[in-house]
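To start, the structure itself, in C-alpha cells.
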Amino acid sequence: MDNMFKPRIIAFCCNWCSYAGADLAGVSRFQYPPNARIIRVMCSGRVEPRFVFRAFEKGADGVIVTGCHIGDCHYISGNKKAEERMKLVRYLIGILGLEEDRFRLEWISASEGQKFAHVMTAFINKIKELGPNPMFGKIEEGTECQQ
Amino acid sequence: MHGSALVLGGGVAGIQSSLDLANKGIKVYLVEKEPSIGGVMALLDKTFPTNDCSICILAPKMNECFAHSNIEVMTYSELTSLEGEAPNFQVTILKKARFIDEKKCTGCGDCTQKCPTKVPNKYNMNLDERKAIYLPFPQSVPRIMTIDKELCLKFTKDKCGNCSKVCKAKAIDYEQKDEEIVLQVGAVVVASGFEIYKPIEMFEYGYGKYPNVRTAIEYERLICASGPTEGNLLVEPNGEHPSQIGFIQCVGSRDFRRKNPYCSSVCCMYATKEAMLAREHYEDIEAYIFYTDLRAVGKNFQQYVDRAKKDYDIKYIRARPGQIVENPDTNKLTIWYDDLINPNVQSLEVDMVVLCTALMPSTTANRIGEILGIELDDNGFFRAKDLLGDPVSSTRDGIFIAGYCAGPKDIPESVTQASGASARASEVIAQAGG
Amino acid sequence: MTDGYPPLILENKAYYCVECGKCSSICPMNRGEHGISPRRIVKKILENYEIEVIEDQWLYSCLICGLCDEVCPSMISFSTLIRELRHRALQSGNRKLCSKSGLLLQVGGIMMRPSLKQNRLDWLPKDTKISEKGDIMYFVGCLPFFDVIFKDIDPKTIDIAKGTLRMLNAAGIEPIVSNNERCCGHDQLWSGDIVEFEFLAKLNVEHFKELGIKKLLVSCPECYETISKYYPKYIGDLDFEVIYTMEYISELIDEGKITMKIDEMKVTYHDPCSLGRHLNIYEPPRNVIANIENLSFIEMPQNKESGPCCGVSAWITCDRTSKEMQINRLKEAISTGASKMITTCPKCLIHFLCSLKQRPEEEKDTMGIDVIDLSTLASKALEIPQREGQ
Amino acid sequence: MSAIDDLIDDTGAYDCVECGKCTTVCPVAKLDSNFAPRLIVVKALEGVDGGLAQNKDIWRCTTCAICSNMCPYKVDYTEFIRGLRGEAIIDGFEPICSQGGFMHTIARILSNQLHQDRLNWVTDDLKVAKKGEVYYFSGCQAHLNKIFKEKNVKVIDIARNCIRILNKVGITPAMSNNEVCCGHDLNWIGDEATLKKLMEINIKAIKTAGAKKVLFSCPECMRTFDFDYQGFAGDLDFELVYITDFLMDLVDDGKLEFKDKGKEKVTYHDPCRLGRHLGIYDSPRELIEAAGFELIEMENICENATCCGVNAFVTCEALSKTMQINRLIEAKNTQADKLVTACPKCLIHFSCAVWKEIPVEKEKVDIPIIDLISVVTERI
Amino acid sequence: MSTEQEQPRIGVSVCHCGTNIGGFLDVPAVAEYVKTLPYVIYSEHNLYTCADDGLTSIKNAIKEHDLNRIIVASCTPRTHAPLFQYTCESAGLNPYLFEFVNIREQCSWVHMKEKEEATLKAKDLIRMGVARANLLEPQTEKRVDVISKALVIGGGVAGMSASLSLADQGFQIYLIEKEEELGGMVRKYYKLTPSNIDALEFIDNMVNKIKIRENIKIYKSSIVKDVRGYIGNFKVTIEGKSNENLEVGTIILATGAQEFKPNGFYEYGQDERIVTTIELENKMRIKELDGVINVIMIQCVGSREERIPYCSRICCMTAIKNAIYLKKEFDISVNILHNEIRVYGDYYEALYRKAQEIGVHFNKFGENDKPKVLKENGTLNVEIFNEGLGRIEKYPADLIVVSTPMVNISDAESLSKMLKVPLGQDRFFFEAHVKLRPLDFATDGIFLCGAAHAPATIPEVITQGYGAASRAAIPLASGYVQVEAITSHVEEAKCRGCGRCVEVCEYKALELAELENGRRVSRTNEVLCKGCGTCVATCCNGAISMMHYTSEQINAMIDAALSEKVGGGIVG
C-alpha cells in the first residue's frame, strides 16, 4: 500500500517569506516530492484554524502552514498571531484523533529555498509514513479505524 | 514635482533614495555598476538587532524600485562624465554590453545550465562557482542574464555558443555594444557604498593561509541558507561543524597601520548577530567575540548584546588578539590574546576564526569624485559640505551623498541618509521649478 | 597642552594606545613565565608610573624582536620605548641581567679605549685580497670574538667574514678591512647604555673618516641596523653609504658577476629580527638563496613579518623561554623537510647552535637539521672560474 | 418545492393566520424590524421563487422557540427554520456560521470515528469508568474549552465538576473516548446526514459502556438525544437525564448535601434548549436553592426567558451581542451576586459579550457569569 | 458583487517558458484539461506568455470570447503579476480579475524528474486557480486626497531641519515648539564639534533661515492637544498663546529627548561639585571653573543598568569634546573614567585620538564595577579598579562630571496615545521597521526624527530631519495617497464591537466607531490597511472579510485542491 499512497498536502505560504522561499527552491532547482498544493496568502496571520480543518475534512493528508521567521513578518507580527492560533490547531488535532504530525507550522524565509525543499520533503515523507488521512483511509480500506 | 535626478549606486541607500525621489514624481536614473541592484545588503544573511532576514526585507524594495514607473534602473552601467551646474547637469552613462537583449531575456536560466565555463562566484565570496553567463544571485533584480566577456568561450576562443542555441527567447546577442547614454538631471545622489577589507597583509591572523580563518562576509555567505554551503558551517579538515568560533573585531579598522584609523561602526553588532546565528544553527557551539570597545551604540543594540550574553551564552572578551596560530595537523586555531580584565596573556583553541574586517570606501569612489568634482576626506569617504550642519551635501551644489560612501554607518543610518539626501535633491529640483 | 607626557611618549605617539592588547598577546616573552606586557608598560607611563617600569626587572625580558611593533594598530614603537626606558633605568641605577655574565658587553667596553691596540685581523686567510685604502670598506664587527667566547658551540662565525670577502673578491672587489674598527655598539644601545654606545659610534665614525671611505659594507644585521639607523640618530648624519652585504651581493648576482652552485639540498631561511621587522629586508637573502644552483628553498610557515625571534637579544636575556623558542623554531624548520636552516645573523646562528648542542644525546636524531650562515654557505658555492673568464 | 411543501406540512405552517404574535415575542425581531418569523413562513407559503433557501434571514433565527411556544396555532417555526436550512445546503448554499463554520467542520470530522483523545481533561482526582450504568455524556466541552480560552471561559469546569459531584455521592460515571459530538450544531444547519452518523457512533459508545442512564450537562446534547436521535432511531434503550434532575433526586433522597457557605444571591438564566425545548425549569432552580443560594429571578424567566443570542454557532452578529448585553443588564438589575446558567454555550456567549469592549457602562453588566454545576459544586 | 451579476467566463493561458515548464510537464495536456473545468471558455498554451505575442494573444482572447477572468499559469506572481495585470487592464479587464498560477518555480523546476506527477500537479494548481477566479471580484485602487501641508512637532535641530527641507520642497509647514525659543536640547550646549561653533550661534543660524521662509509658520510655547484623522487629512488642535485648529496631510514627530538627572547616583544634587554633562556645558559657557584643576568624568552613569539598559550613544563623544575644551580653553586636566570608549565611525574616532594626543586621560573600569566617589576631608576622590593597570586607583577631583543617558521627554506617553504611534521598551518612539523604515511609523502619514527615536548626534539628527522631510513630502508632493485595494472590510451588521481586531492591527487601520443607536462597530480605514488579514482571522463571527483573499476564495481553493484525485490521493 505504501508505495501506492500519494499524500495530498495543502500548504499555506505567506507572500513575503515562505512563498518567496518556495520560489527560491524553484530557482535553485531543489527537488522535492510533488504532493503539496500551495495556497498563497498575504500573511501567515491570515490563516485561520478552520482552513486547516476544512482541508482535513475535504481529504488532505497533511496541512502545513509556513510564514516568515518570528521578527521578520512583513506585517510586523502576523506570524506571532499565527503561531498563537496554530496552538489551537495542534490541540484539536490531538483530541480529534488526527495524528499531530499531519500538521506543521514552519518559518521559512525568502532566502531559505533549501529549507523549503527540506521541509516539504520531510513533511511529505512523514505523511507517507502515517498513511492516508484516517477519515478517508478508513473508508477506502473498509476497515475499522487503525491505531 | 517633476524633473529628474541621478542616483549612483544600487545598494540599499541608492534604492531608498530612488524610491523617495520617484514617489514624489521625479524621474530617477539609478545607475549600478553590477548586473543587479541590492548591494552588500543582498549578501547578508540576517540583520541586527532584529535578526531580520536580509534578502527578505530587501527584495521587495528591489522589485518595487525596478517596477517603479518613475525609476529607470540602469545596471551594469557606470557614470563617465558630468557637465554643467545644478540644476542643469548633463551626465553620460556607459551602459556596458551584457550581450543579452534585456527586453527578450526572461531570466529562465536555460543558458546558464548549458554554459560550460565555471568561474569563481563573486556573490558567494568565491567560495563556490558560477557560469560565464549568469545571474549574480537568485534574487537578482533585474532578472536578466549577463555574459562575462572575459571568460565566455565565445569571446575568448570563438567556440561554444551554447547559450545562444538553447535560448528560446532569442535573447543572446554576441554583437551587442557598449552604449553611451546622455541624460539631463537636476540633482545627483551618490550612494556608491563600500568595499570590504581583505586582511591578507595582516600576517598575525593567517587569513588566506589557514583554511578556517574567514572574513565576516565569507561567514555571512556560509551561514546563509542560500549560500554556497546552504547555511552549513564547515571547517577543515573534516567538514564538520565547528564547536568553537572566535570572532575578532577591528581587523583593519581602528588601525593606523592598515590605513583605516576609523571605526567601521557595524562590526561589533554584526559579530554579535553572527555569533547568535552560529548558536541558532548549532546550539552546542561556543562563540567568543574579541573586541576592543564594544560599540553597541544604536537603538536597542546594548539590549541585543545583553541578550547575546544572557540567552545565547556568547562570551565577550575584551582584547584584540595579537596572533592566531594553526595546528597544521588538526587545522585548529589558537588565538592568543591579552584580556584586559585578566592580567596574563591567554590562548584559546577554536575551530574557526571570523575576522570582522574594516569596511572601506568603494574603489570607485576616487573616480566618481573626480568625475563629479566632489571632494573626498582623508579616509576616502565623500566629504560633507559641513559635517555638523549639512551632512548630506557634498562639496558641490546639487550633489548629495548617502550611505557608507559618506562615512561608516549601519543600514538604518544609510536608509535615513538616503532619504535625507533625496529631500535635499528634491529641494534643488523643486526650486528649479520642478 | 601636552602636560605630563614625557618625550618618549610623544616621540612614539604612545598616547594612541587603546589598550587592545595585541602587543602583549603576540609577545613571545609574555607567553613564557615572564610578566612583560608592552601594553601595561605603555599604560604605566601614560599614567605617570614610569618609575615602576624602570624598576621592574621584566624590562629586560624584551627581545626587541619587533613583533609588537609590527601588529600595533596605533603604530606605537615599543622597541624604541624599551630602549629609552632601559637607558633611564641605567641612569637611575637599575642595572640589568645579562647572559654570559655580561662578558660580551665588557668586550665592547674594552674596545672603547681609543688607545687600544687591537689585533683583530689574524683570522684573515692568506688568499684574501683586501685594500689599505679605498672607497669600500667591509665592517667585520665582533665575529672574531664570538668564535672564542662560544668555543664550546663552535659556531664558526668568522667564516661569515671569510665567506663575504671571498664573494667580494670573486666579483673583483677588494675592500678595506680595518684592524681599528670597534664594536658597533648595538648591545650597549639596547641595554640602555647610550653613553658607551655613542662613544663606540664616534670612534668608529672617526676611523671611517680617517680612511675616507664612501661605502661601508656590513654583513651582520645588527651592526648594519646600528650603523645605518642609529649612528645618524645619535651622532649625526654619516658621509658614507652603509650597505648590507646581501643586498650588495644580490646585485652582483643580478649583474652576473657571481655565480653559485652547490650539491643538491633543501634549505629554509630564518629571518633575523633586526634585518626583517626592524629594517624590512626580506628579499635580498632569499634572492641570493634562489641563485645558488641546486638549492631548493622552502619557506617555514612563519616567515618574514611573522618570523619568530631566535630568543635572545643583545646578550641580555637567555633563559628557558629563549630555549623553547629556539627549539620550536628548529622544529618548524625540520617540518619543512630542509636539511639546513639558513640565517644571516651571527647571533641567531649562535643561539640556535647553542640549543642544538645542548640537546640531550638521545634527541639529537630528531634534531636533524643544521644551522648555517648564508654568507658561509654561499661562499662555498662560489664558482670562481666565472670571474677568471671575464 | 415539494420538500418545502412537506416541511410546511410537517410544521403546521399552513395553520399560520399571520396574527404576528410570533414577531412580537421574537428576540431578533425586537431589535431588527426587518426580521420577522412570520414573513419567513409567509414567503414559504407563497412559494417565493426558488430563493427561499437563499434567504439569509433563515440563518439569523436563534431557534429559541419562543415564537413556537407563543403561537396560538402551534406552528413549529423553529423546526421550520431547521428544515429550510437543510434545503439551503442541499442547494449548495454555505451556511453563514460564526467562526466561519469551524465548529461544524470539527463536528463533521468527528463523524469519521478517529482515534480521539477526547478525555484528556479528566484529571487524576476524577473517578470515571469505562463501563457502568450511569453514563456521563461530556460532549464537546473539551474542545470548546480550548477554542474559547481567550475569552476566559472555562467550559471544562462544568464537566469536571459534574464528575466531582457524582464522585462525591459515590457514583463513578462511565465515559467513553469514542463518543463524539452529539450533532446538535450540524442538525441546526440542516446537515441531517452527518447527524445520523454521529448518532450511530454515540449510541454504540453508550451501549458499549453498558449504560442504563445517560446524564447530560449540556441541554443541547440532551435535546438532540431526546428529540432528534429518538426521532430517527426510535426509542433509545437507556434513560436520558439532565444533570439537575438527577442531582435533585439525590438531594431529595438525602444522598447529596451542601455546606452552608453564607447567603449568596444568584439569578438564573434559562437556556432555550433546556427550558422551552425540554421543559426543564424547576430542577435547576431547586438545586440552586438546595445548595443554599438565594435565587432572585429576572424579569423574563422560564417560558419567557430571553435567548443568549446565539444558536448552534450559526447566528452570531451585532444583534446577538445586543441581546446578550440586554440579558446581562437584566441579570445585573436583580442585584444578584452571580448570573448562573445551565448551558455551556450560554456561558460562552455571555462571557463573549463582555469580553474586551462593552457597548454600555461596565457597571451595568458587571456580574460574574458561572455555570450551575460549578456553583453548586463549591458547596459540597 | 459581479459574481452575482455575471457568470464567470474564464480564459487560461498556460506557458511553456521555453523548456522551463514545457520540458518537465505536458503543457498541451494541461491546457486541454483546463477546458474541462467549469466556466473555462478558452484555453491556450504559449512558448512565452510574457513575450509580446503571448500578451497580445491574451488581449485578443478577452475580446473574442468576452472573457471576464484571466488565468496565467507560468512563473511566480512575485515578479510577473504586474505585467499580466497591466495586460488585462489594457484589454479593459479589471486587474483584480486576473489569477496567477505558479507552475514553474513551484512545479516544473522542483519536480524535474517526475513529468507525470508534475503534470497532475499543474492541473490541480490550475483547478485551484479556476476555483478562486470564479469568486474574484473587481477591485479599485482608491486614491485619497492629501492636504498639502505638514505639521512638525518639536522645534529642536531635528524639527527645524525637517521644516526647512519641507519648506524648500515647496510645502506649507506648521512648526510647533513647546518652549519659548526654538533650538531644543542643543541650546543647552556650549560649543559644538567639529566646527567649534557656539551652540547658540549654530541655533541662531538655523532660526534665521526658518524665519525668512514664508511657508513656515512657527508656534512657540505651544503644544499639540488633539490629533484626529489619518494620512492626508489630519485635524490637529494646538494649544498655546492662541488655540488653533490645523489641517495637515502629514506629521513629523521631532520632540527630542532630555538628559537623565542622576538623582540618587553618587552625591549628585547634594554636592555641587558633581554635575551632569549639560551642567558642565553651562559652567563652560559662563566660565565658572575657577580653581578647578582636575576634572573627572564618569561615563555610563544610569545607563547600561537595569533601569536604563541602553547605551546612550552620544555620551562618549560629548565627554571627549568637553574634555578637549576643558584642556585647551581652561587648561584643566581631564580624566575620563569609562567602561568602553564608544566613539564609532570616522569623525568621532578621530576626535578620541585628538583627545589622546593632547593628554586627556582615559581609564577603564569594569562593567559591573562602577567607580566610587569618596569624600575625604572635604576633598573628592574617585576610586576605580583600573583594568589597564590591573589595580585600584584613586583620582582627586575638583569637579566630577557624570555622563548620564538621554531619556524620552516626559509627555511622550500622551503624545504616543494621541498620535497612535507606539513607544518601545526603551520608552523612545518606535519606528515602523528597525532596518528599512527608520523614519516612518507603522501608522501612515506620521514620521519620526531626532532624539525622539533614540539618542543621536547633531549631524545624525539633522540627517534624520531631512530624511523625515523626504518621507513626509511624498504624499504632499503626490497630492494623493494610493490606497491598497487588498484591504479588510467590516460587515457592520455582523460586527459585535468587541474590539479584538482593533487590538491586533499593527497599523491602527481599524477603529471602533459609534453608530447613532449607540452600538459600536469596527471599521477599516482603507487608507491605513495593509491587507495582511490578521483581523479577518481574529474575528470570531466572520464580520470582517479580506478583499481579494476572502475566506470563500480560500475555501474554494482548498476544496478544489482536494476535489479530484488527479494529483494525489490513494491510487489503486
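Quick notes on this structure:
Per-chain numbering from 1; labels A, B, C, D and E assigned in written order.
Methods note: a contact is a pair of C-beta atoms (placed from the backbone, for glycine too) under 8 Å apart; a residue touches a chain by one contact, two chains touch by 3 or more.
Only a predicted model underlies this, so the values are computations on that prediction, with no experimental measurement involved.
Annotation of subunit B and subunit E: jointly contacted by A, C, touch as defined at the top. The fewest steps needed to get from subunit A to subunit E, moving only between touching chains, is 1. Across the assembly, the mean Cα position most removed from that of subunit D is the one of C. Among all pairs of chains, B-E has the largest number of C-beta pairs in contact.
Chain centres here are Cα averages; for subunit A and subunit D they lie 35 Å apart. If each chain is reduced to the centroid of its CA atoms, subunit C and subunit D end up 101 Å from each other. As a whole-number value, the distance joining the C-alpha centres of subunit D and subunit E reads 49 Å. Within subunit B, contacts with two or more other chains are made by residues 50, 52, 57, 109, 254, 293, 340, 343. For subunit E, the set of residues that touch two or more other chains comprises 78, 341, 353, 364, 387-388, 390, 551, 555. Touching two or more other chains at once are residues 20, 27, 48, 54, 74 of subunit A. All chain pairs that touch, listed by label, are A-B, A-D, A-E, B-C, B-E, C-E, D-E.
Interface residues of subunit C, counted against subunit E in their complex, comprise 1-5, 15-16, 18-19, 39-40, 43-44, 46-47, 49. Note for the complex: subunit A touches subunit B at residues 16-17, 20, 24, 27-28, 68-69, 71-72, 74, 109-115. Taken in their complex, subunit B has these residues touching subunit C: 202-204, 209, 250, 254-258, 292-293, 319-323, 326, 328, 336-340, 343-345, 347.
Interface residues of subunit B, counted against subunit A in their complex, comprise 45, 50-57, 59-60, 109, 138-139, 224-226, 230-231.
On subunit E, the positions that touch subunit B within their shared complex are 17-20, 47-48, 50-51, 78-79, 82, 165-166, 168-170, 192-195, 197, 202, 205-206, 304, 309-311, 313, 340-350, 353, 364, 366, 387-388, 390, 424-426, 428, 433-439, 453-454, 458-460, 462-471, 473-474, 477-478.
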